[in-house]
Amino acid sequence: MAIVGGSGYAGGEFLRLALFHPHLEVTQVTSRRFAGEPVHFVHPNLRGRTNLKFIPPERLEPADILVLALPHGVFAKEYERYRPLGKVVLDLSADFRLKNPDLYRRYYGEHPRPDLLGSFVYALPELYREALRGADQMAGAGCNATATLLGLYPLFKAGLLQPKPVFVTLLISTSAAGAEPSPASHHPERAGSLRVYKPTGHRHTAEVVENLPGRPEVHLTAIATDRVRGILMTAQAFLHDGWSERDVWQAYREAYGGEPFVRIVKQKKGIHRYPDPRFVQGTNYADIGFELEEDTGRLVVMVAIDNLVKGTAGHALQALNLRMGWPETLGLEFPGLHP
Amino acid sequence: MAIVGGSGYAGGEFLRLALFHPHLEVTQVTSRRFAGEPVHFVHPNLRGRTNLKFIPPERLEPADILVLALPHGVFAKEYERYRPLGKVVLDLSADFRLKNPDLYRRYYGEHPRPDLLGSFVYALPELYREALRGADQMAGAGCNATATLLGLYPLFKAGLLQPKPVFVTLLISTSAAGAEPSPASHHPERAGSLRVYKPTGHRHTAEVVENLPGRPEVHLTAIATDRVRGILMTAQAFLHDGWSERDVWQAYREAYGGEPFVRIVKQKKGIHRYPDPRFVQGTNYADIGFELEEDTGRLVVMVAIDNLVKGTAGHALQALNLRMGWPETLGLEFPGLHP
Amino acid sequence: MAIVGGSGYAGGEFLRLALFHPHLEVTQVTSRRFAGEPVHFVHPNLRGRTNLKFIPPERLEPADILVLALPHGVFAKEYERYRPLGKVVLDLSADFRLKNPDLYRRYYGEHPRPDLLGSFVYALPELYREALRGADQMAGAGCNATATLLGLYPLFKAGLLQPKPVFVTLLISTSAAGAEPSPASHHPERAGSLRVYKPTGHRHTAEVVENLPGRPEVHLTAIATDRVRGILMTAQAFLHDGWSERDVWQAYREAYGGEPFVRIVKQKKGIHRYPDPRFVQGTNYADIGFELEEDTGRLVVMVAIDNLVKGTAGHALQALNLRMGWPETLGLEFPGLHP
Amino acid sequence: MAIVGGSGYAGGEFLRLALFHPHLEVTQVTSRRFAGEPVHFVHPNLRGRTNLKFIPPERLEPADILVLALPHGVFAKEYERYRPLGKVVLDLSADFRLKNPDLYRRYYGEHPRPDLLGSFVYALPELYREALRGADQMAGAGCNATATLLGLYPLFKAGLLQPKPVFVTLLISTSAAGAEPSPASHHPERAGSLRVYKPTGHRHTAEVVENLPGRPEVHLTAIATDRVRGILMTAQAFLHDGWSERDVWQAYREAYGGEPFVRIVKQKKGIHRYPDPRFVQGTNYADIGFELEEDTGRLVVMVAIDNLVKGTAGHALQALNLRMGWPETLGLEFPGLHP
């Protein structure tokens, strides 16, 4: 397999996972800037684990599986060049996540190839497992959309929520902004900050709305902590009268009872009562919790994921495992660290 | 003046401010556990700045000003003992913040002296400046209530918001849980965590509701980051049709035009566009920002404060300055650090 | 296999590694305080990965392999009770690391069973690989000793260093102090601190001196950062006249040429030029670097490890793999994360 | 007064201090990049505290006091241009710190104006108080040199140390590398790292050696933590036979007995036993501690400072206070925060 754009954080994370996957052999990793350097020059964790060097994208040769981790917009523009280079294509950018061209236009501008929207399967196994098994074109979900969808999908599917706006607050991390230095990412400015990144208008809203039953009104606010990895999503919604905590449990169990990477975290005692992104760091888990305020019907949903694993490279590899007919959890076994 | 409970974080912060206040002389600081130790044994920043030692509470003698920083419930129970010891009494606990005994009961249980509820002035100068000038009994506001009230009060007062629930997300800090070690505060467990602390039922809801015009429906969710100090409040509300960003500006200007410690932070460019608790650390500022989503009328309000200064000891000292007829900003000049 | 003291950080880390080891089956984990609770109550990363519950130590039954992670001193006192419960015994405490009773006495006090000193093999594979293959009693090395020994051993063995004191500065982490809360580990006190923990007299000095050829004079100073995991060791020594950087390279290559978990990290460019504990977090790697000041002969050696993996549970599992005749790297493959 | 280079961290910190100094009025602050922007655009802590805007350096007009915070080398090259613009000149760069041109050449290269070396007074009040009172040209000390000199000077002056190499380990912060973004300072790469920055050859060695009696052999190793501010220096030395802890106390008392900003921190109990850069953050304090290993005579000295205050702008302002005949502590009163 080949990875296009392997010096960024998404591509680098897919590379890490693929190097330890028993059925994958990474033979090419591209990077324009670091062409010629060993991959561990950029990703120091991979030192001693591979002799791969970055190649310039021009030298890319056909591969059975092509994973694209390019900046948003590049693949869509160069689809004709890249598509033939992989039998199976897995794109980690936002280019082909959406089906609706109007939604795309609103959040990203005009799409260069609107005819192709809809030809990729959204690579979130919990929502599209069956479709992924036969997919030759897969589009990885956005990290914030992943957290939001995993938390809300079962509730909308089960019809538990009142038709009111749902408010989602996303606590995100600095790796979400990518590997490119900028004044905003300069450590002395960034460390210790809680920076409201997108109070309104977050692009992942489009994916969330498109993949929830009934296209509900969902409002996203993204705040960047100074964690390097991780997302904590909290959502505020109201249950229909008459529904109780038991029904919420039931909705999650029905949706995720057999899911290998979804855990319900809701304890009455102890210090780890709710999902915490720290304890899923490096893993493909989505930890989901909730609390119901009995007298008002207000439901608070919490989801913790690692934005680069379950939020990006992990669910993409999980989808690839499905596509290839391999055990779904292959290469995704790391359980995370404590403390 | 005397400080009761000076080894905790609220009392220690008031002590720090008072030691550098030109008109205050701290003559007594109590601590049962550290009686006999110099105050710098607990507060290492005060080394070399004072020779004060902690005394046991039993040795407390009358003072012109008595600041109480005891665990919630203690002062209410021992009101008869402590009240005569100070001509002016400033309580930093939750005991006398509320006026309504039902609200108190709902969030804290039965009040030992419901007859006294209402006899203290709520020590938030931006809301109760005139009342504070003549107050002999003042009750400091809760830190999360301070952030929430400062952000929402002008909007409710100006009648800008639709009568819908307002959702408030509070990113809080580990100092908020106090100076007492516990398994939950053990550093290896706590560092790097984003811990949902109170998804529903936060006690400060009572203060927020009681002090906003019309007792609106406000829902609080508190999430603890691993910052030591600071609060970032974000609130989600909807403007009435027809109101615009200009009206929001106007509401804040009317409410806070002359306020020495409120700054509106809303920049179109640069890396410091919105309030960030990091840059008000150690200061008495409340930085307020907002963003309006034009097509939906959704208003996101942001407030950053230092929970121990503007959220606790700082607004209390500001209130005391008012009470004593001193310049309101005295002892509260520190501008914070960058980077 | 069974783990005694599985709710602490060392025992918990061994548990994590063992659960994912293809030839190990953990059947018992003891904890007095958490007996009856599922192991994920304490170690949230293990949720969904095992149904094991803690049992009280009294219920411990014989096992093929017994890993002891008790507080220092307990195993030595209860040797008669625990020893028969495991065919192979692997102790992670300091009780049987030393051979010399005088050294033990100086740093730990009187040993309850001095007759047994010397009957355990020091479980550092890089130094004692052959002895470990036949060992039924193994004593895990101290985390700081591991970092120091791995950095200095090849230099002393090759006779490169002048007979002058070697100064070792250890930057350590908060997990090193264990899972027990204390005023010193209270998050608001500990976060952001650089706390000199042991300027002189560090206990691991004994292990370092005992395992280096010629018992050289080595001085340790330990400073605790607020990282949760990781050690960065720097050592200051002088090369004999006439030796050059090339000879240092040669010494490390000879000692570690075939080592699966030692990497020499010394790059002339880039941002990851030297060992950094961040990039070995969760892994069994010891990254070693050095720099020679040509005109003075001063050699600075740097070693980065994860104190709980390569510093404790990881080298212990590596030793166990050797003892059992399994591939040495089994269960220790995780490469760490970037970013 | 005027500040040249006010958008950097050193210049910005001097600006913050000067704005709150009762006898200083800042009338000009230059920045080429941010000319025309209010100073709070770069330094968000100064919002609402001043209406100053950056001006381009070309527009600089004469001032009574000129503080230069330019990149190393610029002032030396443009001395003829800048010198006449200030009656009193205070340079925060390394250009005129040294007296010996050979030392300068070794660490910085050829000096453009070697004739001027020696014409500036080294602005460390603890070492050169009397000379500073009459100085029209002052050169601020390097931050690491400040910490090292303050820790070692009294020991060398009192003749306590054996003539052996002294090893200094400096734990430094990310603000030390300045305000310019780079791949090395990109937050996701930098956060959580312990990066050995200068194992050998640190430039501040020159200042340390030049200002210690007898030009001793002192070796510096600098390691960057991910703190934003602060330095923790530890030094390893040996006392002459016969000297004891009491003599070390005596040496520090003699040197610093009357110093307003030096505190000896050495407690037998409690959690704040030694100097910690966290608790001097934002302050002009240098906290000094030590520990003696009785049987070997090894002395470990510890110094904690804020690199931007006591390490740069703070000691410079203290020197300026001396020069102007003002109370030495003016504008430097902030005591730091706890917790």
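In order of appearance the chains are A, B, C and D, and numbering begins at 1 in each one.
As a convention for this text, a residue touches a chain if its C-beta (ideal position, glycine included) is under 8 Å from a C-beta of that chain, and two chains touch if they have at least 3 such contacts.
Here the structure is a predicted model, which means the values were calculated and not measured.
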{"item": "Chain whose mean Cα position lies farthest from chain D", "value": "A"}
{"item": "Comparison of B-C and A-B by number of C-beta pairs in contact, larger one", "value": "A-B"}
{"item": "Centroid spacing, where centroids are CA-atom means, of chain A and chain B in whole angstrom", "value": "38"}
{"item": "Mean-CA-position distance for chain C and chain B (Å)", "value": "45"}
{"item": "In chain C, residues with contacts to at least two other chains", "value": "9, 175, 179, 183, 188, 192, 228, 276, 339"}
{"item": "Sites on chain A touched by chain D in the complex", "value": "9, 174-175, 177, 179-183, 185-188, 190-192, 226, 228"}
{"item": "Contact footprint of chain A on chain B as seen in their complex", "value": "165, 167, 169, 171, 183-184, 188-189, 192-196, 199-201, 217, 219, 221, 223, 225, 227, 230, 232, 234, 236, 271, 273-278, 289-293, 296, 298, 300, 302, 304, 339"}
{"item": "Interfacial residue positions of chain D with respect to chain B in the complex", "value": "9, 12, 16, 19-20, 41, 43-49, 175, 179, 228-229, 263, 265, 267, 270, 272, 276, 279, 281-283, 285, 287, 333-339"}
